[in-house]
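What follows is a single structure, written as structure tokens, with notes after it.
Going by the order they are written in, the chains are A, B, C and D; count residues from 1 in each one.
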Amino acid sequence: MTQSTPFFSLRGICKSFPGVKALDDVQLDLYPGEVTALIGENGAGKSTLVKTVTGIYQPESGQLMLEGEPLILSSPDKAREHGITAIHQETVLFDELSVTENIFAGHYLRKGFFSTLDWPTMHKRAQQILESIDAPLSANTLLKHLSIGQRHMVAIARALSFDARVVILDEPTAALSHHETQELYAIVNKLKQAGCAILFISHKFDEIFSIADRFTVFRDGKYIDSGVISEVDESQLVKMMVGRSVDQIYPKVTVALGEEVLKAENLSHPTEFDDISFSLKRGEILGFYGLVGAGRTELMQGLFGVNELMTGRVSIEGQTVSIKSPAQAIAQGIVYVPEERQAQGAILDLPIYQNIGLPQLSKVNTNGWLSNYAEYQMADKFAHRLSVKAPNWLEKVENLSGGNQQKVVIAKWLATLPKVLILDEPTKGIDIGSKAAVHAFMSELVEQGLSVIMVSSELPEVMGMADRIIVMHEGLNVCQLNRDEFTAERIVSAATNGRQESA
Amino acid sequence: MDNSRTIPNTAQDPDNTLNNSTGSAVSKLPSTSIKQRLMSWEFFLLLITAAVCVANSFASPYFLDPWNLSDATFNFVEKAIVALPLALLIICREIDLSVASIIALASVAMGYAAQWGADNTTLLIIGISVGICCGLFNGLLVTHFAIPSIVITIGTMSLFRGLSYILLGDQVLKDYPAGFDYFGQGYVYWVFSVEFTLFLALAVVFYLLLHHTNFGRRTYAIGKNPTGAFYSGINVKRHRLLLFILVGAFAGLAAVLLTSRLGSTRPTIALGWELSIITMVVLGGVNIMGGSGSIHGVFIAVFLMGFVTFGLGLLNVPGIVMSIIVGAMLIAVIACPVLLARYLQRPR
Amino acid sequence: MVFKKVMASSLLAAAVMTASLAHAADVRVGLVVKALGIGFFEAANKGAQEAAKELGDVEVIYTGPTSTTAEGQIEVINSLIAQKVDAIAVSANDTDALVPILKKAQKRGIKVISWDSGVGKAGRQIHLNPSSNPLIGEMNIKLADVAAKAAGGGKADIAILSATPTSTNQNIWIDEMKKVLPNYANLNLVATVYGDDLADKSYRETIGLLKSHPNLKVIVAPTSVGIVAAAQAVKDQGKIGKVFVTGLGLPSELAGHVKSGAVKSFAIWNPIDLGYAATMISYNLVKGKATASEVSMGRIGTAKLDADGNAAMAEPFIYDASNVDEFAEIF
Amino acid sequence: MKTLFKQREALLSILIVVMTLAVATITADFISLANLVIVYNDTAILIILALGQMLVIITRCIDLSVAANLAFTAMVVSMLNSQFPEIPVVFLLIIGALLGMCLGMINGLLVWKLGIPAIVVTLGTMSIYRGAVFLLSDGKWVNAHEMSESFIDIPRYVLLGLPLMAWLSILMIAVMYYFSRYQRTGREIFAAGNSPVAAFYCGMDVGKLQFKAFTISGLLAGLCGYLWASRYAVAYVDVAAGFELQVIAACVIGGISIMGGVGTVLGCVLGALFLGVINNALPVIGISPFWQMAISGAVIVIAVVVNTRAEQGHTRIILKKATLKAA
């Protein structure tokens, strides 16, 4: 089944961003009719590679080859012309346009002297494609009325709408249910039969083993190894991915839990989550696991006062509190490190020290007058404590690497002396060193008596760090497990099927 | 990780435990270098303004005359006084196109009050209060309904001006009490008129407000990233509402000055001023998309525009031709840094 | 701030320099009009230049804002004061708003007169009316009466299309018209609208009048911009012969409409003479040749001043199909 | 939700009809066919300009220079006509449109190539174009008697009950509908405004599309330059001063989102008609012209608030039961 000559290959690709080398001399081969799995942790450079291959980013050096011919992809247009298409992790589509148009945007079907757009044909083809992937959608619907899973279907249909020869699936199953995932496999198999070269990016080993023919591993923007999937097993892949074995990296410390700090009862929202209750003790790390889009972030935002429609009761140290804005949450000692670090977490265009000082300007600067000196002193303590790497704290946050940006955000919140720290995907997209530092720091904080809520989509991370895990599925709390009950199977199955399986 | 062991775990943790944490090296706040200051937008503007002054004094023998310069300031200080708070609002990613209409409405209100016998202090209070009410109206619509301010204020621009037309029609109000002309025509000392002195004082106040207070810092933070600022516990809506009110209040103040200078009120008062006020702000280096800009930049831009138009006026150049020059200056001055950056980026 | 230092030092330098500035020998007159580009004022400028040539030592600076606003005129007057002109002759967009700035001009030793459209008494020394106001008011109503008879006679609705609501001369004339109106029992004034001296606004207002007053027979537009726009609107609405436009306008601009029949007759004084007279009065004022009761207007004669310093130039002249073409060549 | 958009336009249409009927109860003549033709004809220029502005707003820009552009082209064609009356009017129309297009392209280039915010660019060019009219004309007016008869009469020529100018605006509506629905560039403008990132991923050049939108807006403004000069039989510096705000207001009332990406040709036309009816109705029902401005201001504010209320409130649907409810 394997063919010897690659259909599409990359050699020596480099791409860097301010502060990070996202891709460092990487290579990749794709073969027709085969699925190659690209494996790597978050921040390994997978998404950058996808963008480079689809002409969104231009590599600084290196070469792309299609059927042995060198290829320059100066724009997304060019990539499409050569039959290279990607289904991105976050579906980037047009909310206000119809499904048909989302499928055909950029390569509309036209006819006649005036190149009039041929809507009837496009609608018909769109409907056909949707049917061929068993997507129960009308091509006339506007995209904004679709769920995340349905949007993914549209993205796949879009990829199928032109004669793609190289198809890249960037974590396509992250937000899909079990059933939808099976349907996706069927589509991938069809593509294989049609002779497409497929690059499949996933975190889930069961998926990789069931669908991929080959694998390539990246770590920290570097190429590590590649080969045929049948010749390796899971532990070997993990070792390549992380450079060491999984068990060692989580510096979990066991802390004697104190009194109850936070109690949440019947937290509900009209469309996002329903009837969620939990409590959090001093010194505890509570993990929230679930698929992307399971409502975890929305729930945390509710706790932080961002989500206005949330109902339910929240008590801090036994006192019922009303939290209607982040300012109130901060005053109550609840702080939130958001998943969207660049949009929500930090103000990239401000210096480090001003970011750290922002939530408590009025405490640092008396009478409303800025004291850059006092603010800088305060920031200095916390930036040092998190070992933020920067020439000085005047550096703008945007010039830091992802990991250091995250440290600044955490430093900002620690400076407010909180009771509960909510971390939403705290290690997403940061380098391995910063990741370890964040984990170590979490342990240290709980030792000091802080309580942590950690939202994560990385199973090893939640299993490694949490004292308890709440699994969410489609906005519901489907299971709650104590540390001694953790098994990967139980957690994953609850998260993907919404069912609790008996231990 | 560094070597510190003390960790803040509750809000009650006294600040002094933290002092131990850093132990040795306390970094000092580095200061801005002279080179950075020379490369700044404000310095660039200052150079242009100086050049304009030199050119003007060569072109007309009447330019460098203290009384003439003092007279010239009357043409722009009222606008400049509104430009100060508007700069803050624009830095905060909002805009108010209705300022000129607020001036008109406030002036009409003052005119009627004067007719009913209000004294000067009352008139001052009425002018500013009407401005505050209009600003509040704009601000509430923008923040409560989350509507882009450009659309709302296009609407209220017609609405406020329209209200002045309804109230006043083809009438004129000119029964202002004795001494009311002091605001717009009086002099504090030598050539320094009340208006101009007030502007200088307000410029200092706004400089301190934007660059040296928490309020100013929050303004920048919101302008650079409203979501991030909100997640940092800043009450973004309230802050913007306050700025709208501030702009309204100063439009009201400008109405007092202008009405006093003209000695009469018509509904067409200050027609079309919003664009020249915004031009001042943008020329001063305030990014129309929010997040950056400075009061000293706006301060210099006010004089740049004032001197350019006054210099041309001395040569009897029609106002409309001046507007070409101001328009071109606006685009050129904004385009310059872009082109320069592009030139510098080119591979050497 | 560096900037303030620069300001302070340049102010100082300026103070030194002004002392050495000598006045030019010529008499310089700033002729400020309501807005640049209006045919009536262009013609007045012609007259002013003629006067300057005749006098020899006069320079006329013809200037004005681009749109008819008081603020625009203030800016223009400000720069005339800065240039230390000897006299300012202004046709005002606003009676009251210009007073403070003109007072300031007088304080700086500049002679100020208003012409065509006046300013408050405190703002000027002499006001030159193109004609006496009651005369103009009555003339307009007479013209309306003629037009109403042409439109079929009997009882007729009439409407006034003015310039801006703040326009001094317009408001005075409208008042005068209302005073004489009771003498014409057949005429019924139904509305007064404002076209702001903008052609498009005047056009739209006229159409509004035609729609809201189906029995309208005559539109009186005592403004040269309004009368043209109104005539065009009447023509476009197919109302020629049913509705007549009259008022004050320039022969050159109205010749076509007289031909088409939208305008039966209209009146105007000679704008060239007006500009000429304004310049002459300014000159004589500067030279101290004016007394409290009279001032010379050169070839036009001597103007008698009333107690408030008002003077009137001449009677308006009526134009119709018989003579309009002849004068269209001149203004 | 697609129905909501239809609803908005239906609502606007009903409002226009109700308003027209309400005016008719005071002056029955208002709904006579002849008068409706006049009202439409009076709104024709606003409609054409709003169509161009719509495209610009869809791409997340704004064009404040349309009225100045119109004034400039109006002056050029009028001066050409008074100097060379022998040039056929059709040529003047084409010259006007091309000239307007060039002015639009200047805006577009500054936005596209230098990345200056559109509001700053057009704030600048608005003054420049307006000033250029003065330089060109030296402040002088071109009056009716200096224009040739055909120059003034052609847009007034009545064909099948409608003046040519009204026909031209109907043609423009049809062309714009076709363009925005059946032409690649038109669709791409909507897509790019809706999501610039997605548009980039789909291989569209967002800046270039903004340039194209400005070009079209300029072209339509140039076309209106002639129409305006002819309709009011005059050209001067202050022609259509402040009209850009009416144009933007028409778009806003018609449901074109100032944030880009959302809007329809029909909505845009209805927005313009709405303003047109108000403008024409007020003098008829005897409301003092002094009320006119306040009323249109209030209408804009209310329309925007209503539009936003309709758009808000759809959050992520995660819960199954919520999905069922929504379906």
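Following the convention adopted for this analysis, a residue touches a chain if its C-beta (ideal position, glycine included) is under 8 Å from a C-beta of that chain, and two chains touch if they have at least 3 such contacts.
Given the structure is predicted, the values throughout are model-derived calculations rather than measurements.
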item	value
Given subunit C and subunit D, the chains that contact each of them	B
Chain whose mean Cα position lies farthest from subunit B	A
Subunit B and subunit D: spacing of chain centres that average the CA atoms, whole Å	31
Separation of mean Cα positions, subunit C and subunit B [Å, integer]	37
Subunit A and subunit B, separation of their C-alpha mean positions in angstrom	42
Centroid spacing, where centroids are CA-atom means, of subunit A and subunit C in whole angstrom	73
Interface hub residues of subunit B, defined as touching at least two other chains	169-170, 267, 318, 320
Shared interface positions of subunit A, touching two or more other chains	none
Residues of subunit C engaged with two or more neighbouring chains	36, 66, 194
Chain-chain contacts as defined at top	A-B, A-D, B-C, B-D, C-D
Subunit C residues within the subunit B interface of the complex	1-3, 6-7, 10-11, 13-15, 17-18, 21, 36, 61, 63-66, 69-72, 74-76, 78-79, 81-84, 94-97, 99-100, 104, 164-166, 171, 194
Contact set on subunit B toward subunit C in their complex	46, 49-50, 53, 60-69, 71-72, 74-75, 169-172, 174, 181, 184-185, 191, 261-264, 266-271, 296, 299-300, 303, 309-310, 313-314, 316, 318-320
Subunit D residues within the subunit C interface of the complex	27, 29-30, 35, 38, 42, 134, 137-141, 143-145, 156, 228, 231-234, 236-241, 279-280, 282-286, 289
Residues of subunit B defined as touching subunit A within the complex	1-2, 4, 7-13, 18-19, 21-22, 26-30, 211-218, 220-221, 224-225, 227-235, 291-292
Complex contact set, residues of subunit D against subunit A	1-2, 178, 181-184, 187-188, 190-191, 194-195, 197-204, 261-262, 314-323, 326
